[in-house]
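Structures are listed in the sections that come next.
Shared between the two complexes below is chain A, which pairs with chain B and chain C, respectively.
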Partner chain A sequence: MDLTHTQSSEMSSGFSVRPRTRSRIARLSAWIRRNPLLFFGTLTLVILVFCAIFAPWIAPYDPLGIAPRDSLKPPSRAHWFGTDRYGRDVFSRVLYGSRNSLLVATTAVAISASVGGLLGLASGYFGGVLDLTIGRIMDIIFSFPALLLAIAIAAVLTPGSRNAIIAIAIVYIPLFSRIVRGPTIAEVSQEYVEAARVTGSGSGRILMRHVAPNVLSPWIVQVSVALSHALLLEAALGFLGLGVQPPAPSWGLMLNEASDFIDAAPWLSIFPGLAIVLAVLAFNLVGDGLRDTLDPVL
Partner chain B sequence: MPRWVAIRILSTIPTLVGVAILVFLLVRFIPGTVVEQILGAQFDISQGQIDALRAYFGLDQPLYRQFWTWASGILQGDFGTSWRLGVSVRSLIWSRLPVTLELAFLSLIVALAIALPAGIISALRRGTAVDAGVRAVSLLGLSLPEFWLGTLFVLLSSRYFGWSPAARYVPFREDPVQNLASMAFPALTLGLVLAANLSRMTRSALLDVMSRDYIRTARAKGLSEHRVLTRHALRTAVIPIMTVVGLQVGYLLGGVVVIEQVFTIPGMGRLAVNAIQQRDYPLVQGVILVSALLFIFVNLVVDLLYAVLDPRARVR
Partner chain C sequence: MITRRELIQGSGAAAGLALATRVDGAFAAAGTAGTSRLARAQTPTAGGTLISASTSSPTGLDPHSVALLANYRVTRLMYSPLVNLSAELVPIPALAESWEMPDDVTYIFHLRSGVTFHSGKTMTSADVKYSLDRILDEATGAWARGSFASVASAETPDDATFKVTLSSPFSGFIAAMFNLLVVPAEIADQPADYLMTNVDGTGPFMLESWTPDVDLKLVRHPGYWEAGLPYLDGVTIRVIPEENSILSALETGEIDHYVLEDNKSYAPLESEGTLSLVTIPAMGTNVVNINHRKEELQDERVRQALSLAMNRSEILQIAGSDVGVVSGPIPPTHQLYSVPVEELAFYETNIEQAKALLAEAGYPDGFSLDILYIPTYPLMELSAITLAAQWAEIGIKAEPRSTDIGVWLDLRTKTYDYYISTNLDFPTIDPDVYLFDTFHSSSAPAQWDAWSDPEIDALLEEGHATSDVEARQAIFAEIQKLLVERCAAFWTYAQNFVNVLQPDVMGFVAHPSGYPLGYDRVWIETA
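The block that comes next holds the complex of A and B.
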């Protein structure tokens, strides 16, 4: 009996394939209509990451390939974004540059989000001297204009992509620590934390298994906002010659190399800049979309 | 002086000390010895000469002693001497600071002049095409690297208007009109990017206030919408907006560094970049420290103003 029943229901579901697919599309389009920012931001990011990963297959030229005869050629069919002073293809360099720029920004934010998040959790959960100490240190880092602190750190550690990552990561740690600390304090006084403690859970377990998931949403929103800031910061460091070092391409560094040719070869400035704007805009859209979804109060 | 003012001012002291320690330590993280950095590896120098230089810069002293010498100098207004230029760091900063402050101030005015009306209209016309437009433009503005926008300005004006905004910088005292003309594009660039952020904050601050009960009461009393806005809503919304402006001064102090680079303005930002490129560490320390102090000072003022406007903030 049961068997036949299941079969028949499968049969009927087999017949209803068409309407169900349509409803899936309808649901997707309804979701897009409700979260247009999130959708377009994510879509742009997916495309950008795809381009970064598959740059070797997409790029028409070697990003480091010098061709003196093609120096400073304007955009054409052969070179979509033109060529730079060494005759290198700007389109290929923008593609490869996305790898460096995105890598520096995401690694830096990954570090500051996890370090800052953990500091905020510990600060809110344990309170007392630990909270005061962490809070003070965060205040001190926060007292510096972000770009200046990043410049100083990157310069002192000697310019390069690894040190740009360290510099950006340090600058953004206080943001995450602060955004996690507040909600953690609110959560710690909840009954379920008391209950977990009574049943013998250790502090680490309570923090990671019980408190952390409940303070996750502001942290996630902050991650995407910080990514957009970090990309801009990476671009500024690159522009000042303190980020990724030549001849490797990065968007900020390309703008630095373009600054001598603003009038003679504007395409050198325009395309890497557009790439930065597109990527930062995508992260901002995702950030705004996530905020609307996760935190409807604001 | 009221007690809460004194408490607030005193509470910045630990931060100031921390900032000083961080700036001091920053330079001690340089890989290799500082002396090698100055002389460069290509010179063939004896150990005796290295030792002499180390002693000259006080690097043979223990770390805490070095910090003490440095910090007590700063308290007396002595920021040390530039390694490359041989001039006192204080005089270098003094000569560049007004330029940077002027740029930051003008940018802030541009930003406020755009952001406040835009944010208010956006909040009052919530959900309309105007609101959507303001939000879209400000989201785009948030995503623009200021130095790229500056580059575009340089490009456009030299191409289509036949004149260069990157024209030589003229001090205000020599020729105020020329000075303001040379500052126009840099200030516009920074101001536009800053306005993007401020208009969003203004919008959300005002929306937050407009949904409160006392606004409904004011409306129920029969007050005109204009009066509700000017007498009740904006007064409260000013406080969070002011806080954001204070925090954005940090953005401005960083933004001037790259903008001065784009428009070749001889301010503190260019001083910092040159100092970094030439590994002139006392100068780097001085510029970073002064910027941080400025930022702390502005936020202290904002905090005090905050408490003046909202007495609840005085009780700590």
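The block that comes next holds the complex of A and C.
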């Protein structure tokens, strides 16, 4: 009774004394209530990125340090996620793995988003032969299953994280090119573009200052979707030995190493697998949330 | 799919090292080493088909030219050699009933009478001579050609006598006869690749059908030279590329026999206890090659520091799943010639001494090097990653470098742009064959590694020409100690081969070559 009383009085007094703070929290909690998934996704992403950046300070062990006596130990207080065949700490490796996996995925998407975006803008704005040429090349890339193409490119370029980035980037260029081209065509026929042209703006200026901002929202949504796909692709390439090279950890590579011990040491596959699921889920949730916010039409 | 030591044997120049192969059964008298637990249970019953599995398929059935493990595994069932080796690696009679040495370069073999080929033809010394000539003919591309390099002439005084004269004494020659698999002289009239798909040997089993990458079916040879053998009606060797799938098939009873590629499954299989496990030490030690061209590695102290920083029992635990022994160049399987590891220099881990040696050589902060491995060979990858972690402790920045087999062979034998390479074991039946053909400066492997040491060369030549066992023991012990002290390469451990069998498979005797043979004395117990 007493407690309820104090609380309610404090609440009411707080409301009257600090209305702005109160309303900010209220707004935040209201926003969370309206977008619980977006909130969860963002939170997970923030945690993941935090882990990736601060892995050296968080990880209890050297991710490359071997200890054969501790080989294949199940999760315990000393090793939260157990140990692998070399006696390496799986928790530390998952943490460091997030660095490599996220780095490959984000770099690849950054490349394909900017290259694909520019190609789409140029394609939609200039039209004609350029549009046709870019369009057909994108069709060709698109006609291959993404994973298959990435495997082929990564295999030709010799395995390694740099080449995994290149492979993933190439695979996703058409996605961005197409998503930008359509809205660009629509924008180009708008009167404000005509007006800009009439006032003597060059093509570059019109594209970057006027058209690009207006086609940005589908592009942003696509970035977050592509990130989750790229992460999966990175894991697949790593699993096939075409991504980050051992002994460096990456989630896909860890799954590969775990595949021999799926019965004997399930923790080897569970934790990196969980990390992949969480990261992909987070990117997808954020992508959905962004789409709802930025592009209600979709 | 290529497996284990095909890598080395497939590289051609190491053909002389391929001596270690198998034995088809005549070693039953050789003791109980590696005998399956029910082997002496009862009298054999004839009949039944044994199903074994392999992760790789032979690419051809020619017993002389195809240098692949998968080929040795099957051709040894269909062809017999002149001389067999016991599980203790002692030469025992096969197609040659006995042999004599009038002087140290002449060998006279007395052939067994009444030996017939699968075609029904009786074997004579002409067939043996033809087989030797075929191996020596460069056009055949025989993997065992190096073993017979010292043959000056071969004669056939009569149908049952075969006489070989060597150009210089070669103490491992009798053992080399283990690789003289006899084919009929008549195939000379056939096209050169006739034996790739056709079989006519004197071994216990005859070819019924071969579907590459699927299976190979063999049936009993009724005219086999060992009376009453084999007990089995047939053998089927199925190709299943994934070891995990083979293990599942063993659990469901689809497969009767398999030799583990990766011994990580040994402990779980042992604790489960439903399948019979027969282990036998291998005939070679796993080795890590050093590219002696690299400036840093030319300094003996640097190599010794690397050796001291290694923890060989950790490598055995991780790469060998602790199923084996830490070993010098010649493993304990060769009881006569193996040197105990306590007597080998720089074998015991000593980080302080390693750092001191490195500083003395002018690298107090270490240096960078790469360690080659081929990812399809788990043992190489496991060793490379373990080595990198161990060498990091003395400040060496070692980077495991993944290469496919073609790139690996190029790097090792042509372009030489690497520091360290993991490798597998060189199974060998005789210390002379391995050490001379790998570390004498005239040998191809020594030239690949740019290894040359006049003192060791002289000792190797002495060992090559000495046939007295005690004298050989002293010479080969000295050679091994010098090779280890001067770090011609880094030897790590010798693994055990693990044969996994259904409990109803009887009479199986394992052989240190690791080849799943001795099938002519195996029978399947009927419930």
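Here is the rule we use: the second predicted complex is superposed on the first by the 281 of 298 C-alpha atoms of A that agree within 3 Å, B and C clash if a C-alpha of one lies under 4 Å from a C-alpha of the other, contacts with A are read in each partner's own complex, and residues count from 1 in each chain.
Heads up, the rule we're going with is that a contact is a pair of C-beta atoms (placed from the backbone, for glycine too) under 8 Å apart; a residue touches a chain by one contact, two chains touch by 3 or more.
These numbers come from a predicted model, not from an experiment.
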Checklist entry - Which of the two partners, first being chain B and second being chain C, lies in contact with A:P246: first, second, both, or neither? => result second
Next on the checklist: For A:T44, using the defined touch cut-off, is the partner it touches chain B, chain C, both, or neither? Pick first, second, both or neither.
Outcome noted: neither
Next on the checklist: By residue count, which of the two partners contacts chain A more extensively, chain B or chain C?
Outcome noted: B
Checklist entry - After lining up the shared chain so the two structures overlap, which partner does A:L149 touch, if you call chain B first and chain C second: first, second, both or neither? => result first
Next on the checklist: Contacts for A:A236 in the overlay, against chain B (first) and chain C (second): which applies, first, second, both or neither?
Outcome noted: first
Next on the checklist: Per the contact definition in the header, classify A:R85: touching chain B only (first), chain C only (second), both, or neither.
Outcome noted: second
Checklist entry - Regarding the shared-chain residue A:N35, is it in contact with chain B (first), chain C (second), both, or neither? => result neither
Checklist entry - Can A:S201 be said to touch chain B (first), chain C (second), both, or neither? => result neither
Checklist outcome for this item: Residue overlap on chain A between the chain B interface and the chain C interface 241, 263
Checklist entry - Which of the residues in chain A come into contact with chain B in the complex? => result 136-137, 139-141, 143-149, 151-153, 155-158, 228, 232, 235-236, 239-242, 252, 255, 258-259, 262-263, 266, 269-270, 273, 276-277, 280-281, 284-285, 288, 298
Item to check | Residue numbers on chain C that touch chain A, as the complex places them | outcome: 244, 262, 264, 268, 314, 317-318, 375, 378, 381-382, 385-386, 388-390, 392, 400, 402
Checklist outcome for this item: Given the complex, residues on chain B that touch chain A span 14-15, 18-19, 22, 26-27, 29-31, 139-140, 142-145, 147-148, 151-152, 154-155, 158-159, 204, 250-255, 257-258, 261-262, 272-273, 276-277, 284, 287-288, 291-292, 295-296
Next on the checklist: Show me the residue ranges of chain A that touch chain C in the complex, using the header's touch definition.
Outcome noted: 64-66, 68-69, 71, 85-87, 159, 241, 245-247, 260-261, 263-264
